[in-house]
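Both complexes shown next keep chain A, but they swap its partner, so chain B is in the first and chain C is in the second.
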Partner chain A sequence: MSTGANFQPKIVVFACENSGWLAAGHAAELSLSYPEKVNLIKLPCSGKIDVLYFMKALEKADGTMILACQKENCKFLQGNIRAAQRVIQTRHTLKEIGIEEDRVGIFYLAANMGHKFAEVVQNFYDKIRELGPNPGKVIK
Partner chain B sequence: MIIAERKPIDEILGFLVKYRKVLVLGCGGCVTVCLAGGEKEAGILGSQLAMASRKEGRPLEVVQKTVERQCDFEYLAGIRHLVKEVDAVLSLACGIGIQTCNEAFRDKMTWPGVNTRFLGVNLNVGEWAERCQACGQCVLDRTGGICPVARCSKSIFNGPCGGSQGGKCEVSPDTDCAWALIYDRLTQLGEVDSLRDIMGIKDWSHSRDGGPRKLVREDLELESGK
Partner chain C sequence: MDDNIRVGVFFCGCGGSITGKVDYEPIIAEIKKLPQVEYVRDSQNLCAHLERELIIKEIGQNRLNRMVIVGCGGSPEEGIFKDALTKAGLNSHLLSMVNLLDECCAVRKKTSLSSAKALEMIRMGVARAANLEEVSFGEIPVNRTILVIGSGLAGMETALATAARGFKVILVEKEDKLGGRLARINSIIGTDRKPVELLDEKVQAVTSNPAIVIMTGTKLVDINGDVNGGIGNFTAWLAKDGTETPVAVGAVVIATGVQTIFCPVKYGLGIADNIIGQMKLERLLADGKRFTRKRISMVIGKGTEAFNLPFVLAIKNALLLRRKFDAAVNVFYTNIKVGGDNWEKIYTEARDSGANFFKFDDSIEITANNGEITVSYDDPFLRGKIPGYYKITSDYIILPEELVPAEGTKELAKILRLEPGPTSFFSIDNAHILPHMTSRDGIYLVGSCQSPGFVNEIETAARAVADEIACQLNADRVSVELTQPYVDAAKCVVCLTCYRCCPHGAITIEHGEQFNNLYQSAAQMNPLACRRCGICAAECPGKAIQLPDYTDNQILARLEAMEVQP
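Moving on, here comes the complex of A and B:
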């Protein structure tokens, strides 16, 4: 297990294809960099996210998050609201087994926010780095 | 449907502390609909168990599987090979499925992952209410389709009792008085006068009073040659 200064967390980022995913593309167009060990997974809507997806991600990652459309701007009306609820449910699920709730998060952005994407991912990466390796990680 | 609720995680972890490999077995029946023990819940619990045990330094290998129904031996026969490879089974089915697993897999313990609560209806996401107690002799024909056995706190047949106030039961302000509901319903249907009929004494021998119940329908028998 990587620890200390050399620790490079693995992060799984679920991204709504109408916002977070496009923002990632925008960040790439702008040649903005973000940490290497970040896996991006496209979802048709942030409302597709589920506690199960987060938990399966955390079996092999140190942190996971969902990038959703800005509030009141979901193409499917309530997807981002449901995503936020599932983040709360996942945090509760992690708390039950004594794993830091901050290993899961939700961030809202728009398709043209490449800079915001890079900033959000970097900040989350730094936060997970501070938390250290996920003690429950099953797949190293 | 049968309404169940997952047991507290610490209780489940306590069951499994002595094992190295377990099968978390979901059920595609009622517990899937009431979000307690279907494929998704088996997956989430499987992750929780794997992560919690890893965190405690006693890695537990978790195999996950969901069958169509755990209350039918036919569906359990198809996973015998999986059960053979694990130390124990954690069933997320209702009490019926858990017992069926224990009957089907004699050499392995099947632990309960849920508490079976009642027979009920889904009122909203995450909200269920009791509607039936399986008393074995339905009286809904005489009570406007509202069950006094399951929905009256006293299961009385000549309500409402003195504890009914403003349509609510004295047991809880959140509980509707079943007999107020029955009266309102029969009034709505124009049949409130039917309440004047004397109901015969209910035969409770069809309920739990006769011990564990069994139903045999010989007309469905296919293989006895009768």
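Moving on, here comes the complex of A and C:
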């Protein structure tokens, strides 16, 4: 088991294609590096996120998050509010089954925030690193 | 076709940007081992013109039915490959793009890890490709009749503009005659035309236009809870003299406008002849009342700052009173907002003409005594330099009125399933999209119903809305790609969750034999009104709703294809 100093957590980032996804592209344009083991999955709106996606991601990864548009700035009016609710729901479920709640998070950013994207991902990565490997991973 | 998935994986070097960081050879060897992958090829640059022809040929030769592009994830490039798929006789949605350039190459140095990451990403892309679904086009019959609510200048302009684009128009007015508030105004900023002349001209044009049906004394009413249907197929119930009739319309334009409430108590004053509201002043000026060499005070402030209208009205009339009647005009303000077409110029002209502008903070005291008004205020600029309150006496005082949405706006918003904004006017859709659109496609706003506006802006707004309607309802049958979420009726229990959470009112509950569930009904998304956010798909407790290109299967397959590290 890769623990301690060598532990490199794996993170699944769900990104709204109107903000987080574009911010990732902006980060790429600026060549801002962020950890390798981060997988991006594009969604049409952060409101498309589902507890199921989070749980499935946590079967494989150590942490997962959703990148939503800034508050009150959702193109579809309520997508980011709903995404925040989904995150709360997932946190409850994680708590019940004995996994750290902090493995799931929601962050708000705009399309032109490449720096913020790299920062958010790096901070989340560091936090998950402190938490250690996810005990709920399904290893076949 | 689904039982025989043949995926073609095309690697793009992106002119060396990707191949400089990731070696394709070992990855290609790995990808070829995947069961569904039939064909793999790498190229220097897949965007090149001849490449597209080659891809089309390869799809035919290898009987591929899914395509994975490994390279970038940009939308212009996506268009190129969708085009290639269509030309090869496949559905353009059978495409999965792996964004290696942005997510892997541009952000990190070449290491063994980046190769491993690239391989994982491509595996995820292939897993998604295997779950892709075709999306077809549909033709939707639409009604090319437009319902315009309110017959003020905004309503009449919109009726004329839409009628000029070949639509039939029903113009509904709850009062007995057309015109709204236009006749109460004295002058229009930016033009010398008299509002009364303009009104006569528009009423004449509207009444003589055969495409416009005018219904006065008529209101939109609540029959089945709200306006049924979506863009192209609304059913609105109109009530006149107690009888209700349904009309089928394609789009609804709200032009209900604003109303003013005069409330001098807010300033510590009562009702008197020399205490005048701004709109009342317009009315008096239009009626020909003279203010020759009178002393006039105007106050703007105390909660009127939400809108531009009071500022511009005050400046416009200050200038007019100075020029026409040589009156002594003193304007007391907390803030002057002149961000608009030519307003700064009017403001400068008003100052140049000799109107005095005094700033006050909060402390202003207005007293009326025997027909004389005394305004005493504390000047923040002179505070501490010259002691004391300043007092100015005048013959008249002009106060701004409260601006509130026209009567019945709240009920109308409920009928049309719209959320009123923070100032209780109709709220426009957010700034990403057109400013005259609401959160529901097919319902548009013109004029002061969204926030108190100006006569000279209305014509532009009316044309913008007419153009938007002409774009959306361009023929009797509109062709649209059916990328809206679809519902598995067997799983739908008609719980109305999606109906309630749809931010665009695009969901209706349909009934019929074709829905094979207990209730013989299911939620259906209107492809014209839906904006493909997927909120309904995420909210559906029964997982009955799937959004094409983002189905649960596709996303879960991608997650499933990820490697687990112990």
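The definition used in the following text is that the second predicted complex is superposed on the first by the 138 of 140 C-alpha atoms of A that agree within 3 Å, B and C clash if a C-alpha of one lies under 4 Å from a C-alpha of the other, contacts with A are read in each partner's own complex, and residues count from 1 in each chain.
Methods note: contacts are C-beta pairs under 8 Å (C-beta built on N, C-alpha and C of every residue); 3 or more make two chains touch, one makes a residue touch a chain.
Predicted model, so just to flag it, every value in this text is computed and none were measured.
Asker: Return first, second, both or neither, reflecting whether A:T93 touches chain B, chain C, both chains, or no partner chain.
Answerer: Touch status of A:T93: first partner only.
Asker: Please indicate which partner A:A24 is in contact with in the superposed arrangement: first for chain B, second for chain C, both, or neither.
Answerer: Only chain C is touched by A:A24; chain B is not.
Asker: In the overlay, work out which of chain B or chain C sits against more residues of chain A.
Answerer: C
Asker: Output check: A:N123 vs chain B and chain C. Expected answer is one of first, second, both, neither. What do you get?
Answerer: neither
Asker: Once the structures are superposed on A, label A:K60 by its partner contacts, choosing first (chain B), second (chain C), both or neither.
Answerer: In the superposition, A:K60 touches chain C alone.
Asker: Contacts for A:L77 in the overlay, against chain B (first) and chain C (second): which applies, first, second, both or neither?
Answerer: Once the two structures are laid over each other on A, A:L77 reaches chain C alone.
Asker: After the superposition on A, what does A:V138 contact: first (chain B), second (chain C), both or neither?
Answerer: In the superposed model, A:V138 contacts both chain B and chain C.
Asker: Per the contact definition in the header, classify A:L52: touching chain B only (first), chain C only (second), both, or neither.
Answerer: A:L52 sits against chain B and chain C alike.
Asker: Where does A:V12 make contact in the superposed view: on chain B (first), on chain C (second), on both, or on neither?
Answerer: second
Asker: From the superposed pair, tell me which chain A residues show up as contacts to chain B and also as contacts to chain C.
Answerer: Comparing the two interfaces on chain A, one with chain B and one with chain C, the shared residues are 50, 52, 56, 59, 137-138.
Asker: Spell out the residues on chain A that touch chain B in their complex, using ranges where they run on.
Answerer: Touching chain B: residues 50-52, 55-56, 58-59, 93, 96-99, 134-138 of chain A.
Asker: What part of chain B is in contact with chain A in the complex they form?
Answerer: For chain B paired with chain A, touching residues are 9, 40, 43-44, 47-48, 50-52, 54-55, 59.
Asker: With touch defined as at the start, can you tell me which chain A residues reach chain C in the complex?
Answerer: For this pair, the touching residues of chain A are 1-2, 8, 10, 12, 18, 24-25, 27-29, 31-34, 36-37, 39-45, 47-50, 52-53, 56-57, 59-61, 73-79, 82, 86, 133, 137-140.
Asker: Of all residues in chain C, which touch chain A in the complex?
Answerer: Residues in contact with chain A: 73, 99, 101-103, 106-109, 111, 113-114, 117, 120-121, 124, 430, 432-433, 439, 501, 503-504, 531-535, 537-539, 547, 550, 552, 555-556, 558-560, 562-566.
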